[in-house]
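So, here's a batch of structures to check.
There are two complexes below, and they share chain A, which is joined by chain B in the first and by chain C in the second.
For the complex of A and B:
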């Protein structure tokens, strides 16, 4: 019963969601909207549980003075400060909005900006001409990178009215072989998604229930 | 909020999708019946999945934990479902080898599911005492805040093995590069085509696209699930034939789009 009931519930709800995609009856649409609302409610409840777990984890680290417990103190302080700011001053304007615009948002942008350096580090390691495939990758990478900047258009030649440049070659690499490979991957992913969804719907795959196969 | 439709009845423009879904479901059922009769089913070798056992063993020998990231999306995304299914298999191995498993999660719903999956895996292996609820926890929902939290775990705990399975966005390279810096062996699997190049650069093994969905089947080798894999491959073969015929017909002007 502990396994059968969730599988049956999943099958019934999944079946309703599957049917509503093909039939536009108002009752089915209302059910779809209701399920979306329930999802938000479940998310909210799970968020509370997750936050409680987070507070407990960091609280224990502070209490036991574990290694790097200072970061846990910063985490809990930030959590309490933002909650108080939101409850006291409201979420529209006031200290809550100030903390988002002047603290959280710049920090997010900073980490996003750091990504450029991580890309450079990964590219330095990956673009080494050790094999034929790696050499092809390196050459294609150079062409595409140069083709994306102004010099890509300048590096080229004209034959009559036609202009052949690195920018054009870069565009061809992205539009033809790269796009073909991407579409192949997407077709495989689409089939994988469909098969996995059907497995879940039909109760064939049960690992997500935590009960094993 | 999706607005209510005015019309009622079957949406005729979607019939190809209905036929495809029913055909795939039929293929799955047929192949499950076939593999139940004969479980000798050939599945090509997937290096990334073959390396899972070796990767967990490496962490055990080094006395360091295993880190598993189940992706950035919630449980309503199929990639996350696939990742959680693989988590069950990885957890069974870490329980068997008595290796610590860390699963920091971004989504609170995924956190609860992951806790259940890991606890059940440890119980099934006869080691419920090794399960630590604190190791499977919710971090934060912020995208880059979560990436930094994972970075901090990698730099402090120094896991010997990192698994990245599920759907990822811009934060993928931050986590993968940090793991590379710590010297961990890294296995990634994602259906996000835009993040695949980053994982291929930064990780030792990468599962591309549909290989992620084959993960739990490949690791468990259960006949019932192997049948679904064969059905998926057969569907892909049908799609390839249809693409070839369609391309030929269009190129020779036998058929033109209306």
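For the complex of A and C:
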């Protein structure tokens, strides 16, 4: 029963969502809207579950005085402080907006900006023309890196009205080889998703039910 | 016996590299170079979609990014908002990110406090819904049903703007400024199912994923990273942070490429010596 009911439910909902795409009967439309509303409610509940999980995880770490438990204390303090700021002062202006602009935003931006340094270091050590394939990747990488900034326009020449530049070559790499590869991947992913969806609808793929029976 | 030069190069202290990149990025901020910005076809098409809007038209704007990518995304948002509101275009905004409301708030203030727009009539901020797929699909049926209340808890049914525009068909354009695959999802669901016109701003990394959709016309135009933002600033004649930032990005890229070349020259010198 624990297996049959979810499979039957999944099959019925999946079938309705599939059929409604091709027909515009009002009852199908209502069901479609209802399923989408439920889906959003389920996602909202997931946020609550996530918050409870976060509090429990870090609460246990603090209680047991595990290694680096101070970070857990900072995490929970941040959570409580932002909730209090939002509930107490509202989300428009006040301490909530201040903490976003002056704490969260600079911290996230700083971490993201650090990537530039790590990418530079990794590129210096790993980008070697060891094989033909690596050399092709290296050349394409350098062309796109320079072509996507102002210098790409400057490195070029004109023949009559036509302009041949590194930026143009970079655009061609993105527009032709990159596009072809990306489209091939997208078609493969699309076929895979369709096959998996069909397997779930027909009850062949049951891993989403978990191990228990 | 002193070590050959390539061994020094191959064992370069990474802190030297960090200092070189930091200087390459910082110096042009202090001493701007004024390097040229030439708009590409994708950016021109993005701007053309904005240019076609008439006073009174309504667009849906999605803040699909958080604080970490503000440096790349905010310049795009700034130009779109200033350009559209300056031409009398109405904006219905939302976000698919939990951190999105904080990012959006300065633009709501820009519209209402600096540009004199009336909240509810000229601009509305619907806020954040946690389920992006359900949200994008449900918006095609009804904005008001998807967001019964706006970000500030007011009933969306009371806003004149949402009485006028309640689904994609009532809007002229969807603009998503996205630091993730959300630009693709807007294209697949909002354009694919509801035939809405979509333009996107993406980070430089995400922009490469938009080429297949752009070639087929599913995305009418897009901006890629800071370069795309600088191109939009130039097209809209609203220069700002992106135009200034392009100098830093250019020197930063140039320094990284120089180090990559140095590493390869050292690698080949070492290999030649060993063989």
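Quick notes
In this text, the second predicted complex is superposed on the first by the 199 of 213 C-alpha atoms of A that agree within 3 Å, B and C clash if a C-alpha of one lies under 4 Å from a C-alpha of the other, contacts with A are read in each partner's own complex, and residues count from 1 in each chain.
FYI, a contact is a pair of C-beta atoms (placed from the backbone, for glycine too) under 8 Å apart; a residue touches a chain by one contact, two chains touch by 3 or more.
Not measured: the values here are computed from a predicted model.
Of the two partner chains, both chain B and chain C are touched by A:108. Shared-chain residue A:204: touches chain B; no touch with chain C.
Of the two partner chains, neither chain B nor chain C is touched by A:158. In the superposition on chain A, A:179 makes contact with chain C only, not with chain B.
In the superposed model, A:193 lies in contact with chain B only, and not with chain C. Shared-chain residue A:131: touches no atom of chain B or chain C.
Once chain A of one complex is fitted onto chain A of the other, the partner contacts of A:4 are absent, as it touches neither chain B nor chain C. The intersection of chain A residues touching chain B with those touching chain C, taken from the two complexes, comprises 21, 29, 32-33, 36, 39, 42-43, 46-47, 104, 107-108, 111-112, 119, 121, 123, 125, 182, 186. Touching chain A in their complex are the following residues of chain C: 12, 14, 17-18, 21-22, 25, 35-38, 40-41, 66-71, 98-99, 101-102, 105, 129-131, 133-135, 137-138, 141-142, 145-146, 151-152, 193, 204, 208-209, 211-212, 215, 224-225, 227, 246-247, 249-250, 252-257, 259-264, 267-268.
Of all residues in chain A, only 21, 29, 32-33, 36-37, 39-40, 42-44, 46-47, 90-92, 97, 100-101, 104-105, 107-109, 111-113, 116-117, 119-121, 123-125, 127-130, 138, 141-142, 145-146, 148-151, 153-154, 167, 171, 174-175, 178-179, 182-183, 186 touch chain C in the complex they form. The part of chain B that touches chain A in the complex is made up of residues 1-5, 7-11, 14, 17-18, 20-21, 24-25, 28, 32, 74-76, 78-79, 81-82, 84-85, 88-89, 105, 108-109, 111-113, 116-121, 124, 133-134, 137-145, 147-148, 152, 156, 170-171, 173-174, 176-177, 180, 191, 193, 196, 198, 200-202, 208-210, 212-214, 216, 220, 222, 224-225, 228, 231-232, 235-236, 239. Taken in their complex, chain A has these residues touching chain B: 18, 21-26, 29-30, 32-33, 36, 39, 42-43, 46-47, 49-51, 53-54, 56-57, 60, 67-68, 71, 104, 107-108, 111-112, 114-115, 118-119, 121-123, 125-126, 182, 185-189, 191-200, 202, 204-205, 207-213.
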